[in-house]
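Structures are listed in the sections that come next.
In the two complexes below, subunit A is the common chain; its partner is subunit B in one and subunit C in the other.
Coming up: the complex of A and B.
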């Protein structure tokens, strides 16, 4: 499956700032979409689209911080680079506490902005890759039988086959067969790999 | 005579004859009565007096000749005398009233004697008609009464004192002034009882000198007199010597006028004149009077002081005043206003400068009125000249400190807006930086760039630089300290121009600023910077109020509209309204509800609007919140 190119979404109420950002980002070959308000962006938001958000922290109506909050509420993972004016440091700190990638003060050097955007895009890629892996693990876990699930739980808690056999009141041989099937179904190359996959899957839940 | 016996003694017959002749020739009525009161002799003169014939009365009682009450009482008198020998009339004589036969009465002088040697005793009466004497006497008395009434009619006090200083005569006015009746006064010692002790001896000396001829009585004198009620009367005297029939001085006749009231009035007048003089000096206020077509001029003392002219040089008329004292720069204004006052308005009201002889300049305010003269031909100019130099100086100082304070308040408001303004300048700077960096990247891009591709960013850079410049220009206009001046203004335009500054302030506070302008508003006269200051202050307050009320709609509306008194500009918020205790102090200087407020904003805003003859107030916004508004009168003719 071919991935769509990542897009830079710029949200700023100031026409001139917005337009100049579009020109700058296009000049470095980045796909850009601009929005004059947080609400306009939210209306057009598509969680599937890769990219990052360049967001003015102060705007009339819904502010940048409020948009960040709304996105968190819907578990959107799009990384945010805030642009701030002078004297907005407390707001920038708050934005960082809520998961923003970074912030940059106006006016800014183009390279500083581009570096942060690239960071954000990388994070988005990671996020999306991680998300994809989690989805795959969860798919595989759903293919396990109830008994295999029980064995998986015990295995990931680090119990020996003999102990598991005792706990489940089955033979040690039976535990070994289930465990081999779990390893195979989950595509785990080692016990350590299996444990990491389970942790990953639980984190997303 | 009894002791000298007549050498030729009369015979009884001869004596009787002589007595008869005597009785008949006598002018007086002679009547003889016996002890019982019966008439025995009634002579011809008595017949003429009483209208009886002797024959009719001989043997009748004498009482028929008397009217009542004497008629009834006479018998008793006679019996009384005979018994006691005590006489009421006998040997004495007196004036009585007698009655004629026809009943008419006449005054008579009566002398009665007892005829000795006869037993029982007989009495002879001599009666003389005194009617004519009585008439003359009555006439005299009437004359005296008339004279007295003339004296009484006189509205001056008339008093005659004799050589001993006693009151011989005093008229009614004199009695009134001194507070006594005439009877109480006549005979009293004038000096002792009515002249205050202080002057008593001097007054006696005047009388003495007049009497002994060493000095005539004073032609005019003013003296204090003591009245009955203890008050002192100031009397203006004129005196003349009274002489007896030999021409010797016997006393003084004085006419006196009570001038207490007049003198009191004069004193009051003098006092109020002196008060006026000192009041004028304190107030640096002079007054003057002149006649339009020439005539007597009057200047109060202070006029001379203000223009620096010697009182001895006298006043000058308004024309000469203009030439001599009005500052050359103000002279045409002065003369134009006088001409207008004389020609039509009748009023003169001008502030101008004087150039005094010593070269100093004074600022004066003159008010004058032109009124018809009393005689109808020459109009009278009355007016005042007020030296307002010091007041102007003080006023100028006050104005300057007010301007400084206004400026401070303006800066303070600007300070509160700093975040918004910084943002407003930062935005175009950001755009400029971004555009130019984009352009550089476009140039650096592999494959180069068409020149036309740079056009758009460069146009944008220019626009943004101008945008930042505009904000700074507006800011400078407000921050600069400059003299107040009024100009004809379009309120709507003023509001629009202010948007550059007020909108960023609203935006950084996440408040929407809406501007609603009415069309066709008349122009007003105002100082644009001061008016913007008021408006910024009201918008600032509205934004702060909105921030204080988290649930309120985050909108501030600036609305212009035409109202009855002129043009109203309202700043409307939907915040929590104003608590009563705050409302009471809202316009007090240094009262503030903001942690960093100066408390000057509203106080100064209101004084600015008042200085523009407008009013600033507040009212609740329908649906919640507060509307602050100011109304300015339209420019005349706008």
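Coming up: the complex of A and C.
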């Protein structure tokens, strides 16, 4: 599957800032798209696209904080680096309370911004890898039969085969067979691994 | 052993610690939060607070960023390192986004700029005092 490279989405109402950031980011080989308003970004937003958002906190119309809120509402995972000015502490605090990854205060050094962007991109990669892993585990769980699912639930609660056999009213040997099938279908190397996968899958639900 | 409290007036108070070298700030926080039901204790340094924490677990800690013995953010980190999960609010007179971000990263629930701290403090601390009073009831 071909994926678009991670893109830096810059949202700032100031033409000069957009232009200079576009030039700066291109000069270091980072793909960049710029938007003059939060609404324009939201209209073009595609949750599938990897990258990060560089967002001016103070804008006419929809502010950076409001855009963050909208993105949270649709459970978007794109990391946000806010651009702030003097006097923006209360807004920065609010943005932190709502999960912003980082801030850069104007005027900033180019390298500072690039460092923060790289950190945000790394976070986005981690988030997406985590989601992919979760999807894969859920796929595997869907391939279990209802009985295997039951055994999985009991096993991950730490119950011994003998106890599960009693609970499900089947022989211990049957439980062992189901259990082996569950481990195989889930691709689990150990009970601990299986438990980790189930926790991971449930975190998404 | 401890007798079961039957009357709200016999319950131990909900402790709120304020760490600020400025006695005026300590007093104004006491005046602000006292009527809400908190026993406000003022400390001038991080060291004094840390000593106190060996004997009491406050419901909330309010910390000025500039302390004589260590940066307020370092104090927040120290509290975390000790495994203390006490809601902490940072006060600062400097308009610095970096400080605010560091404080929030260090676990502060809010970062309030001086001198107008009253409304934000009440908003954050009143529910904590209420919850503290209830959990002991």
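By definition in this document, the second predicted complex is superposed on the first by the 204 of 205 C-alpha atoms of A that agree within 3 Å, B and C clash if a C-alpha of one lies under 4 Å from a C-alpha of the other, contacts with A are read in each partner's own complex, and residues count from 1 in each chain.
The rule is short, and it goes like this: a residue touches a chain if its C-beta (ideal position, glycine included) is under 8 Å from a C-beta of that chain, and two chains touch if they have at least 3 such contacts.
As the structure is a prediction and not an experimental result, all values here were calculated from the model.
> One more residue to check, A:63. First (subunit B), second (subunit C), both or neither?
first
> Which partner does A:21 reach: the first (subunit B), the second (subunit C), both, or neither?
first
> On the A-aligned overlay, A:90 touches which partner chain: subunit B = first, subunit C = second, or both, or neither?
The second partner, subunit C, only.
> With both complexes superposed on chain A, which partner does A:195 reach: first (subunit B), second (subunit C), both or neither?
neither
> Which holds for A:136: it touches subunit B only (first), subunit C only (second), both, or neither?
neither
> Which chain, subunit B or subunit C, is in touch with more residues of subunit A?
Ranking subunit B and subunit C by residues of subunit A touched puts B first.
> Following superposition on chain A, which residues of subunit A contact subunit B and also contact subunit C?
86-87
> Could you please specify the touching residues of subunit B with respect to subunit A in the complex?
For subunit B paired with subunit A, touching residues are 419, 422-423, 426-435, 437-438, 441-442, 445, 456-457, 460, 463-464, 467, 506-508, 510-512.
> Would you tell me which residues of subunit C are touching subunit A in their complex?
Subunit C residues touching subunit A: 92, 95-98, 100-101, 104-105, 109-111, 113.
> Give the list of subunit A residues in touch with subunit B in this complex.
Listed in rising order, the residues are 13-14, 16-17, 19-21, 23-24, 26-28, 58-61, 63, 85-87, 106-110.
> Spell out the part of subunit A that touches subunit C in their complex, as residue ranges.
Contacts found on subunit A: 84, 86-90, 92-93, 96-97, 102-103, 105.
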